[in-house]
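My questions all concern the structure below.
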Amino acid sequence: MNAPILTYVTFLPLLGVLAILFIPQRSESGKKAIRWVSMVISTLVFFVSLRLYFDFDPDVAGFQFIEKYIWIPSYGITYFMGLDGLAFWLVLLTTFLTPLTILSTWSAITKKVKEFQIMMLVLETAMLGTFVSLDLFLFYVFWEIMLIPMWLIIGVWGGERRIYAAIKFFLFTAVGSFLMLVCIIGLVYFHHQETGDLTFNLLSLYNTNLARTYEILFFAAFALAFAIKVPMFPLHTWLPDAHVEAPTAGSVILAGILLKMGTYGFFRFAMPLFPDGSAFFTPLIVVLSIIGIIYGAMVAMVQPDIKKLVAYSSVSHLGYCMIGLFVLNRHGVEGSILQMINHGISTGALFLLVGVVYERRHTRMIAEYGGICRPMPIYASIFFLITLSSVGFPTTNGFIGEFLILLGVFEVNKAAAVLAATGVVLGAIYMFWMFQRVFYGRVSNPKNEKLKDLNRRELAYLLPLVALVFWIGLYPNFFLSKMHSSVDHFISQVKISAEPASPGAVVEHHASVDKAPLSVSAAKE
Amino acid sequence: MDLYFWVFASMSVLAGLFTIAARDALPSAMGLLTVFIALASLYLHLHAPLIAIFQVAIYAGAILILVVFVIMLLMAPGERLAAIQANVSYRGAGALLGLCLIGLVAVGTKGVSEIVSMKALPEGFGNPSMFGDLFFRDFLLHFEVVSVLLLVALIGGIYLCKKKL
Amino acid sequence: MSDLGFSFSLSQLWQVAGGQIILLIAGLVLIFVDLWLSTDEKPDHVATMGWLTALSFLVALKYMICTGWTLNEIVLVDVFSTEKFAIFVSAIVLMAGIFASLMSIGYLRNNKLVRSEYFILLLFAVYGTIAMVQSVDLLMMFIALEVMSLSVYVLAAFLKDDRKSQEGALKYFLLGSFGSAFFLFGVALMYGLTGTVNITKIAQVLSTGPLLENPGVLVAIAMLMSGLFFKMALVPFHMWTPDVYEGSPAIITGFMATAVKAGAFGIFIKLLYVTFTPILAHSGQPEFQSTVNLAALAVYWKPLLWWLALITMFVGNLVAVSQQNVKRMLAYSSIAHAGYMVLGIIAANDEGRMGVLFYLFAYTLMNFGAFGVLYLLDGQEGKAQTLDDYKGLGFKYPALSFLMALFLVSMAGLPPTAGFIGKFYVFAAAIKEGYLLLAALGIMTCVIGAYYYLRVIWMLYMVEPSREVVAGRVSVTSMIALIAAALGIMYLGILPEGLAQVANVAQQSLAMVF
Amino acid sequence: MASLTHYIVLSSILFGLGTIGFCTRRNALILFMSIELMLNAANLMLVAFSNFMADMAGQVMVIFIFAVAAAEVAVGLAILIVLFRHVREVDITKFNVLKW
Amino acid sequence: MEGYLFLIPLIPFIGFLINGLLGQKIGRSGVYCIGCSSIGLAFLFSILAVYQLACSPAEDRLLVQTLWSWITVGNLNIDMALMIDPLSAVMILVVTGVSFVIHIYSIGYMAHDESYWRFFSYLNMFVFFMIMLVLGSNYIVMFVGWEGVGLASYLLIGFWYKENVNADAGKKAFIVNRIGDFGFLLGMFLMFITFGSLSYLDVFPKAVHMYEHGMLAMNSPVMIAICLLLFLGATGKSAQIPLFVWLPDAMAGPTPVSALIHAATMVTAGVYMVARTNVLYTLAPTALLVLVLMSAATAFIAATIGILQNDIKRVLAYSTVSQLGYMFIGVSVAAYGAGIFHLMTHAFFKACLFLCAGSVIHAMGGDQDMRSMGGLWKKIPITYITMLFATIAISGIPPFAGFFSKDEILWKAFTFPYYPVVGKIVWFIGVLAAGITAFYMFRLIFMTFHGKFRGTEEQAHHLHESPLNMTGPLMILAFGSVFGGWLGIPHLIGSLFGHVPNVLENFFEPVFANSHEIIAAYAGVHHHSTVVEWVLMAGSVAVAIGGIFLAYHIYIRRVDVLPEKLAETYSIYHKLVYNKYFVDEIYYYVVVLPFYYLSMFFWKVVDAFCIDGVGVNGQAWLVQRGSGALRLVQNGYVQTYGAFMLLGLVVMLWFFIV
């Protein structure tokens, strides 16, 4: 067994917290030191996580880098971590985005620097933990821990209505996740009844045969928790508020990673655990996703606030991810996963970009800008490239994701695909309209005349994102190749068991499900 | 027909009613005194002479006197509380609920007497020596704890009432 | 049997009630120490008294754990028992006592109260609680309950110059007496029905005779329970809680919310399970085999507790939302917590009882922590208790605020804190027994709970200060206690298994109480 | 000879009167007395049972309840007196600062 | 062998990067040099590739270069691959050739613009994407180019972004194109699930195979759907009804852009795509019917709008729309070669026309209104002559290029094998449109170059011929306009001169062979007499000449009275046509505004009020209020508290006993 690399990756940021705790922040140099420590640690985390890339075996359908220790034996709770093709990318996305985000706070966060950086690092740990946990309890713990730092980031360092936004964010998420906890426990006990095995181990729980009613019930609760996070229409209203009020870094992490937890949750938990439930709810979710795509785009279009616009665009984009997941074919699911990464990159970048002008002008209103293409050409160019990614321009990442998803949807339901594809048009409308109002025309506001273009630090955190946009756009196989087996496995998990049970099929399915994780652990140990 | 019982029972109920119905505190205390005495009489009837004595000595003699002292201390003679009744609805509800309680308890305990293992009273039941035996054997620990209780009451009372200790 | 005719030997007494005896002796010693010291009243003396009290709690704790926990059999002296359950609850109470005495040193100084009766009363309150938890005799329960209550009444009224304190205490006293009258009536009725006041004997008698079909038993149960519900502060027996908590000195509020509640829950669980459920049948003793019949009573108390838990969680959390005074808000929150704990009791399984014990432990840590910070931020009782006062203190008093935030997060039941694990245990237990709906509804009230807990945190960190608030002097003892509580919360939140095992062993011992 | 039932009913009536008094009266001292009434009801019950079951324990318990009642009254009155110093009233509807 | 194919797009791309990133540093000449030479090199490599292709035997005319495996998911396997076959060969020559010429022209045209480097980099980018579009070996790569040229178009239309109008036009172009792309995407999906691939080399043979083996019926709904969806894409890109509205606005861009993108290359991408997909279209006659009707309508309506436009570039823009309609008529009567032929000749003369117009505008100092021009021919003779040639070409006067291509289209329409009657009608519309085209094009010539100068003194003073780097391209393109048609000389005429071969048709044969076979097998081979063909040819020429004379009559001979008089006499029609049939307005009020208000409704009512207000904050309000109400129960009276305890007890007892 190799070194417990997932544990290292997950908890390394806490080391940074420890270091930062002892740096006084009264002086300017202290603040600088804090920032640097935070930056260095998170970069280190990224490099450590890169190690995963080299060791990741794309042919394995189950989980890799497995770590399992007994934690709370009386409830069968374990410290159980592992990665598959989806979690793998989300972990990398997290470790990649965090240092960039921290870099973006250099001049944005000048008060309470220490607390802020601590929150960022704690948040990173929580997010990573969420993605790598294979024990439902462990997952839930990380899932909830993540709430607090994010809540504080929005609430303490946010804008005018930060408290409203923060508490809305918190309560929305709490409603879903608390209910989910009840259902997690319920599931565990049903599993216990069935097999006599009391465990929170996800892989064992996959094999639970629940009564259909309970599958539907539990899926509903899980789906609620995740759908709020995604967020799906009509549970999305926390998002615009949270995004608008959060500081730039908060928005980036929120959009880039936190929202992925919703879709990730569907992929990892809700759907494979309750295939019948997911089959039952698929029509509803598809409809809501389509509504989300169209509605999100339309509402985004009329937003006067750039951040809000991007927030609503997230609703639209995440609609794609959801619908892609639920069509349950390779194209849809892989597209959806890729779209998760894409959205993390491009929407993250958009928020960073908005943050750049916000820092200079302290307003996010589109009407306050106009014509800033001229004072800030580099900024405009990068913004434009990211805009392209956001609207799914071919050769950018957005296209690959949307294309695969829509193709996947089309294979299953043509009408749904047609409706979903309108998002392609709508996306162009709101993004380009916004771009035009912000960057084109004459400089209408004299305050914008003297705007400074991007400095080197800003370029340093934006360019990697731009590079990724095109990397994924031009060579998506690099990313896709790692997820094929996991996605196949996922589809077989959800699909086969969702089919009306002929006894043979069920047995076969169980055998196949059992095999994969076991073989992995055997191989690894 | 047990006249003794009925006399003192009705006396205690009436006195009890008077206790809670009297406008002033002092007559109310007198009502309570009557209840105590009526109950003491019933205790005698129930072969509990010692309790009857204690009832009169401790309850009527000590506790109630304490209450009366406090009444004297805190209220001017004949002082009445303002006529306007605050919080009437709740109090009405309370009275109603109290009546319900009586009814329910009475209904609930209707069959109790059939179940309780009736025994003929042994010789000397209720006499002090028997009482003392029990008191100092089976209830020794209770006694000790009650002494602590009284100590607490003592300390508390002293602390609260004395202005400067 | 000694020649005095006692049914127990002194060594047995020492084994079973050693902790109580230590506390009693300490109490008496302290009275004399007090008398000796109080010839010239100085704050130092109060501190000395505080330290001595804490020390005696510690000694008692040590004694109870080292002696009681290692006993393989339950030792009984007819009225007291030393089953591990009682020891566990007593340990919680003693822990609360230690917290209370340590914090009180600072509290009394900040409030310029140089009165050492405080500690004596505290000591007797703890003594009463432990005696209550250890008792297996309804009469002793009642008397011990009164010892505890009277001490706490006086402590609640301890701020003689503060009208609120007095008013709260009087309400507490009146309603408490009212409640214990219920209990007493229940005791009397139960005695009449079964001919005994010993809870195991009651169980035996109830299960063998024709009594189970008699509604009189149910009347008695209802009376007994409602007396205890009062102390547990379940809706609708909770009405005293907010007023008394708000009025009382902060530390005493903390004590009431933790030790008294722990005692009440402890005795309630013991009474309920030993007397009214078939738990004794698990002991394997032939004379208790008949108690399996007591399962029939579940039809009565389970739905009752179901509704009570729901209403309690709901009302506690809901009303807390509109509270401006943090102390009062915490009072409502403690009501809500009681509701969660009842969830574990309804489950009526090992996990549930274990969960309640764990919950009580965690709850004691976090609640005492919160009240500790509250009094420190307060300066002098009542000076800065409202949410308005808390505005912007987060960066002015970072350590205190952080601790407050931690305690509140734990109360809100968010990981990785003990509060979360505690909630997890009780909910898991309820769900295991199929109370999915109740669990779901209950957990929704947690959302409301999260809202008002977080509101305090956001007042601390996210709002600009509205007026100048000067926190009181932070005494070392308080800080030690707070940090200990915080570490405990974190530790239990991450590694709960150890305590859970202990709690499990403790709850299992309930089956052996006879 | 009155039966046990008579005593139980009498006891519950007295107990009920106590609760009614507690819930309706505003004079704090009458509230005290109502509580005493309730305790006495319990005492009566104990003595009655003790008599009919021929078990002295019931009587012994009554003694303890006397003690408890005495202690309660002592403390309660003390608190009332302290509060009286602040409010100059024994009307409990005036003890209404703490609410909501 | 084919290893250099990737250089054709790569070089412009590198040019784009250099100009874009370092444009400000390397100075004007550097930018010009890189901008033009990169296209020049691409052109050279294109010639090389086409040469190689032409040298190989007809059945081997195919070069494929797979660059890398792009998207591999499940059975979807898309390579980033380039392919050149006769069809793309012609296109690539047109694209790189015309681009090169226009790049050179741009040096002069953009000489005074401060953002010249940006212009050149965009232009290079456009060429890159256009090459990708043409050379892509599957629909996805084509889609890359397809969207990419749209992007370049967006950037170039809005090149002078300081004017919001320009930026608006760019945005409009992009969004309208996106609507088309929406169809394109869906078409691809449908194609993928039908044929399991998106590569040309898989799809077409498979379609033929399936057809031949009866797995795919002629005119099956799937095929119709695919074809129509793809055509929706084409209507966006190629400005056909109903998505043509963006093109006239796109004239906001610099004139070279209009010439290159909005006349010669990008807008013809739709035609290319349909020709590329010929097999599928051939299998879907109904789709072709729709296409032909739409395109005929486009050709006619756009031409009528062209009559009354006063902005010189707008006239050309509508003319482009109309001509694109022509091309689509060509491809939609299954005469794919004819469509491409017209595409090629159109590239020459329309590019030439635009560049000339640019030259005129240049001379006029930026003024584009023909009403302020007149009599310019003396001042800018080269421009005049080249423009005249191009105009004659577009009017379809033999032997200019336009005549051949237009005539072939008309003839093929007349002999439309699937729907002969419709074909005849379309022929008639086509001839009519040709006449109108001739009319308004000459109107343009007459208003601009003849008569009196109507502009200001200053403009008159400013008038000058453009420099050589601008007139040179004009001449080259004019040359193309004159002689370009000879590549596709019809058999009829070719036989007159001793079997001059129709080079183009022969060259294309391998690409369209399958379609021709299918048509022949399905509709049979009809032989039309040469007499009919001659008569039709003469008829269309006559109509064109008639149009020219009409223009002459109105705008030269009776210019003082007739235009106004006509406008008054037919004021309703005048207004209608003058305002472009109010299409923009209709779209605005029927689509844009409702859409906007619907969005506002969603935001303000559904989101803010219903979900957030009632749903979310409503619950919070409920909790707050509930809390506020419930706390009042806690009224501070001991009796109340006692009553509640009593209540609890009573309820418990009730529950237990009763």
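Quick notes on this one:
For clarity, chains are labelled A, B, C, D and E in written order, and residue numbers in each chain start from 1.
The rule is simple: a residue touches a chain if its C-beta (ideal position, glycine included) is under 8 Å from a C-beta of that chain, and two chains touch if they have at least 3 such contacts.
In this text the structure is predicted, and so the values were computed from the model without any measurement.
Shared contacts of chain B and chain D, meaning chains that touch the two of them, come down to C, E.
Within the contact network of the assembly, the step distance from chain A to chain D comes to 2.
The greatest centre-to-centre distance from chain A, using averaged C-alpha positions, is reached by B. Interface comparison, D-E against B-C: more C-beta pairs in contact at B-C. Across the assembly, the mean Cα position most removed from that of chain C is the one of E.
If you average the Cα atoms of chain C and of chain E, the two centres end up 80 Å apart.
Computed centre separation for the pair chain C/chain D is 25 angstrom, with centres defined by C-alpha atoms. Distance from the chain A centre to the chain B centre is 70 Å, each centre being the mean of its Cα atoms. A separation of 43 Å divides the Cα centre of chain A from that of chain C.
For chain B, the set of residues touching two or more other chains reads 86-87, 90-91, 93-94, 97-98, 101, 104-105, 107-110, 112, 116-117, 138-139, 142, 146, 149, 152-153, 156, 160. Contact of a single residue of chain E with at least two other chains is seen at positions 631, 634-640, 642-643, 646-647, 649, 653, 656-657. The multi-chain contact residues of chain A, meaning those touching 2 or more other chains, are 171. Contact between chains, using the touch rule, shows up for A-C, A-E, B-C, B-D, B-E, C-D, C-E, D-E. Put simply, chain E touches chain D in their complex at residues 631-632, 634-639, 642-643, 646.
Interface residues of chain C, counted against chain E in their complex, comprise 170-171, 174-175, 178-179, 182, 215, 218-219, 221-223, 225-226, 229-230, 235-237, 239-240, 242-243, 300, 303-304, 315, 318-323, 448, 451.
Across the complex, chain E is touched by residues 168, 171-172, 234, 236-238, 295, 298-299, 301-303, 329-331, 334-335, 371, 373-374, 388, 391, 393-395, 399-400, 403-404, 406-407, 410-411, 414, 417-418, 421-422, 424-425, 428-429, 432-433, 436, 439-442, 474-477, 480-481, 484 of chain A.
Chain contact summary for the complex, chain C toward chain D: residues 139, 142-143, 146, 150, 153-154, 157, 160, 163-164, 166-171, 173-174, 177-178, 181, 184-185, 187-189, 191-192, 195-197, 242-244, 246-247, 322. On the chain A side of its complex with chain C, the touching residues are 71-75, 112, 137, 140-141, 144-145, 147-148, 151-152, 155-156, 162-163, 166-167, 170-171, 174-175, 178-179, 181-182, 185-186, 188-189, 192, 221.
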